[in-house]
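In what comes next, chain A is part of two complexes: it sits with chain B in the first one and with chain C in the second one.
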Partner chain A sequence: MARMKFLCDADRCIECNACVTACKNEHEVPWGINRRRVVTINDGKPGERSVSMACMHCTDAPCAAVCPVDCFYTTADAVVLHSKDLCIGCGYCFYACPFGAPQYPKVGNFGSRGKMDKCTYCAGGPEADNSSAEYAKYGANRLAEGKLPICAEMCSTKALLAGDGAMIATIYKERVLKRGYGSGAWGWKVAYKETITV
Partner chain B sequence: MKLVSLFPLRAAFFGLFGAILLAVSAPAPAAAQIVNPTAQAVQEDKLLRQLHHLEGRISIPDQKASVLIQPAGREWREFHNTTVFWTGAISILGILAALLVFYAVRGRIAIDSGPSGKTMTRFNGFERFIHWMTAGTFIVLGITGLNVAFGKYLLLPLIGAEAFTTFSQLGKYAHNYLAFPFMIGVVFMFLAWVKENIPNAVDVAWLKAGGGLFVKGAHPPAKKFNAGQKLIFWSVILGGVALSISGVILLFPFYATGMAEMQLAQIVHGIVGGVIVAIMIAHIYIGSVGMEGAFDAMGSGEVDVNWAKEHHSLWVKEEAEKGKVPGAAAAVPAE
Partner chain C sequence: MEKNGKPADPSRRKFFGVLGGASTAALAAPLAVGEAEAKESQNDQRKARYRETDHVKTFYRTNRY
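Right after this comes the complex of A and B.
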């Protein structure tokens, strides 16, 4: 089985936010919730870089470790998913997540949070693959159809890579060797406790 | 000195050399130059070391999302899963073990001179109301709080994922709403009893005598509240304030706080909560099965005069002077 990962090549990302839009459209993500976002560091200064970030589907995921109802699970492809039927919206996963991935719809009084929503790596949830129940809760299940996440698939500069970790690392290495530079695999050390050395 | 004097010479040399170099290289094709845009680009490693998190600009309304990477989440996870977990577990199991040993050795603390049959008022209706409002809500808050910390290890395997989620979801609502009467209760208990809970010299003697807890028939003098009860009072007030402040922050996430404050609030809430639950277990024990006649104080509000004489001799004296003790003429403190 593959070990699915994301890799954003910051030297290619042009902050077009198409990945954000495609994700929202593909999964009918409600207003106010962003499964993916583009953060620009050192905006307007020399050396500015943009990084597209979502759930990194961590090895030994912190969200799963702190969840009081144990609603997370990891698929055979190493994708970290969760059950909205079990989530109680406590917000702990957001405190633990290094990447700010968990999102909560605001429901009810004060700051009370609804069921957590996050990037599913376009792999749906615990319901039957591509069932309407799965779509309503988690959005499309492209992985079950043999497709990769929509954000990476439609990235115009191919900055955002999704797929088996070893394979996308090879693609990134080749790029770095060919063009002679690379600002690294953002978030990999934090998420996977390893990085790509060229 | 030598360097300084040499400097103009060097500058002149390099200036000349540079000019020649430029003149030579200028007509060369641009492709020959290696452009490395990452040489001056932001580096993840360096930024993380400098700032402990990566933050930038985003074009969506949720400004929390501008944090790209916060490794502090991993430290919070470690703290939440290890420190908070074990502080609560050890405090609660420790106090239960200690009480079990205490009960086995000392048994129920009886009224040594036997019940007199005459009673005097210890807590009026309002005092009992605020006590039980705080106590009742605290029990629910405590159980639902412990469920968040320990439920997935203890209860989840027993009742299954769906039932556990239903229970935890209801628990979350109960915890959120009952927090308000609890906070009001803490404020009123503070106002009602703070005067009698200021530590004084009597407390030192009481503590030195171990409160008479470990020796049969020993009853160090005490006013309305002995040093042990004062410790309970101040733990409830200080713990209650810490729980209230951290709880309100958690109840209104990111209203006026950032990620670091939310994580700190959760840690404070978890640790103080665990310790206060442990303290309250001891309080419940001594106020019920642990001591004959103690429950009446918060039950009917009327305590047996002999119980009062043994445990609160100085208070009985004060009350007798006010003519509030039946058969006050004979009201000589037990000590």
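Right after this comes the complex of A and C.
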């Protein structure tokens, strides 16, 4: 059985934030919530690196482990989803998640943040596939349409990979073997001379 | 959504809504209808949705270089 995974190649990510924008547009994500965001370290300095982050759909998800109402479930293709009907907006999952994936529509204390929202791997939620009720709560269900998450599909530099974990691992391995990585990558010395090594 | 072998049941949360009088009950009724119309079963929720369609194969092919 295929296991759905994301892989972001920090050598390729150019911090264009198109994945963030596409995600917000595809799912009509409300103001204040970013299901995906681009994190940059050493911004503006030599050796700066960006990586696009969202829910990583953990195998043993810490959010699910701490949820007091047990609103999380993992699908057969390893996507971690949740039910907004069960969520009480306590915020425990936000503290448990190492990636900061869970987001809330309102700023507030315990119980006043509203229902948690996070990346669904474009796989909707507990409502019927591609129903209007599902779209209103969780956004589009592209996986049920035979597609992959919009963030990865439209990445201009193909930094963000999504799909069957075994397949994207193979693709990444092929790339590294053919083109190298970091300062060993093909074309690096032309672009950055030899003064910057990573 | 299962704890101690029992499936979670959000309907118990309407308990206080019913107690709260006519105005609260009127608010809870349309919510109950909306929830009932489009829920998947526990097994359907967990079924695999990923399929290696031509669309997905094209994505894999174009990401190889």
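Keep this in mind: the second predicted complex is superposed on the first by the 176 of 198 C-alpha atoms of A that agree within 3 Å, B and C clash if a C-alpha of one lies under 4 Å from a C-alpha of the other, contacts with A are read in each partner's own complex, and residues count from 1 in each chain.
Everything below uses one rule, namely that contacts are C-beta pairs under 8 Å (C-beta built on N, C-alpha and C of every residue); 3 or more make two chains touch, one makes a residue touch a chain.
In this text, all values refer to a predicted model and were calculated from it rather than measured experimentally.
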Partner chain(s) touched by A:G187 [first = chain B, second = chain C, both, neither]: first
Greater residue coverage of chain A in the superposed arrangement, chain B or chain C: B
First (chain B), second (chain C), both or neither touched by A:P98: first
Chain B versus chain C as contact partner of A:D70, first or second or both or neither: both
Partner chain in contact with A:N17 - chain B first, chain C second, else both or neither: first
Partner chain(s) touched by A:A144 [first = chain B, second = chain C, both, neither]: second
Partner chain in contact with A:P30 - chain B first, chain C second, else both or neither: neither
Which superposed partner A:D43 touches (first chain B, second chain C, both, neither): first
Set intersection of chain A contacts, chain C complex versus chain B complex: 69-71, 83, 85-86
Interface residues, chain A side, partner chain C - complex: 1-2, 4, 69-77, 79, 81, 83, 85-86, 123, 126-129, 131, 133-134, 141, 143-144, 146-148, 152-153, 158, 161, 163-164, 167-168, 171, 174-175
Parts of chain B lying in touch with chain A, wherever the complex brings them together: 34, 36-45, 47, 54-62, 64-71, 73-74, 76-77, 80-81, 147-149, 151-152, 156, 161-162, 164-165, 168-169, 172, 176, 250-255, 259, 262-263, 266
For the chain A and chain B complex, residues of the former touching the latter: 10-11, 17, 20, 32, 34, 37-43, 46-51, 53, 62, 65-71, 83, 85-92, 95-100, 109-113, 180-184, 186-187, 189-190
For the chain C and chain A complex, residues of the former touching the latter: 1-3, 8, 10, 34-35, 37-40, 45-53, 55-56, 59-60, 62-65
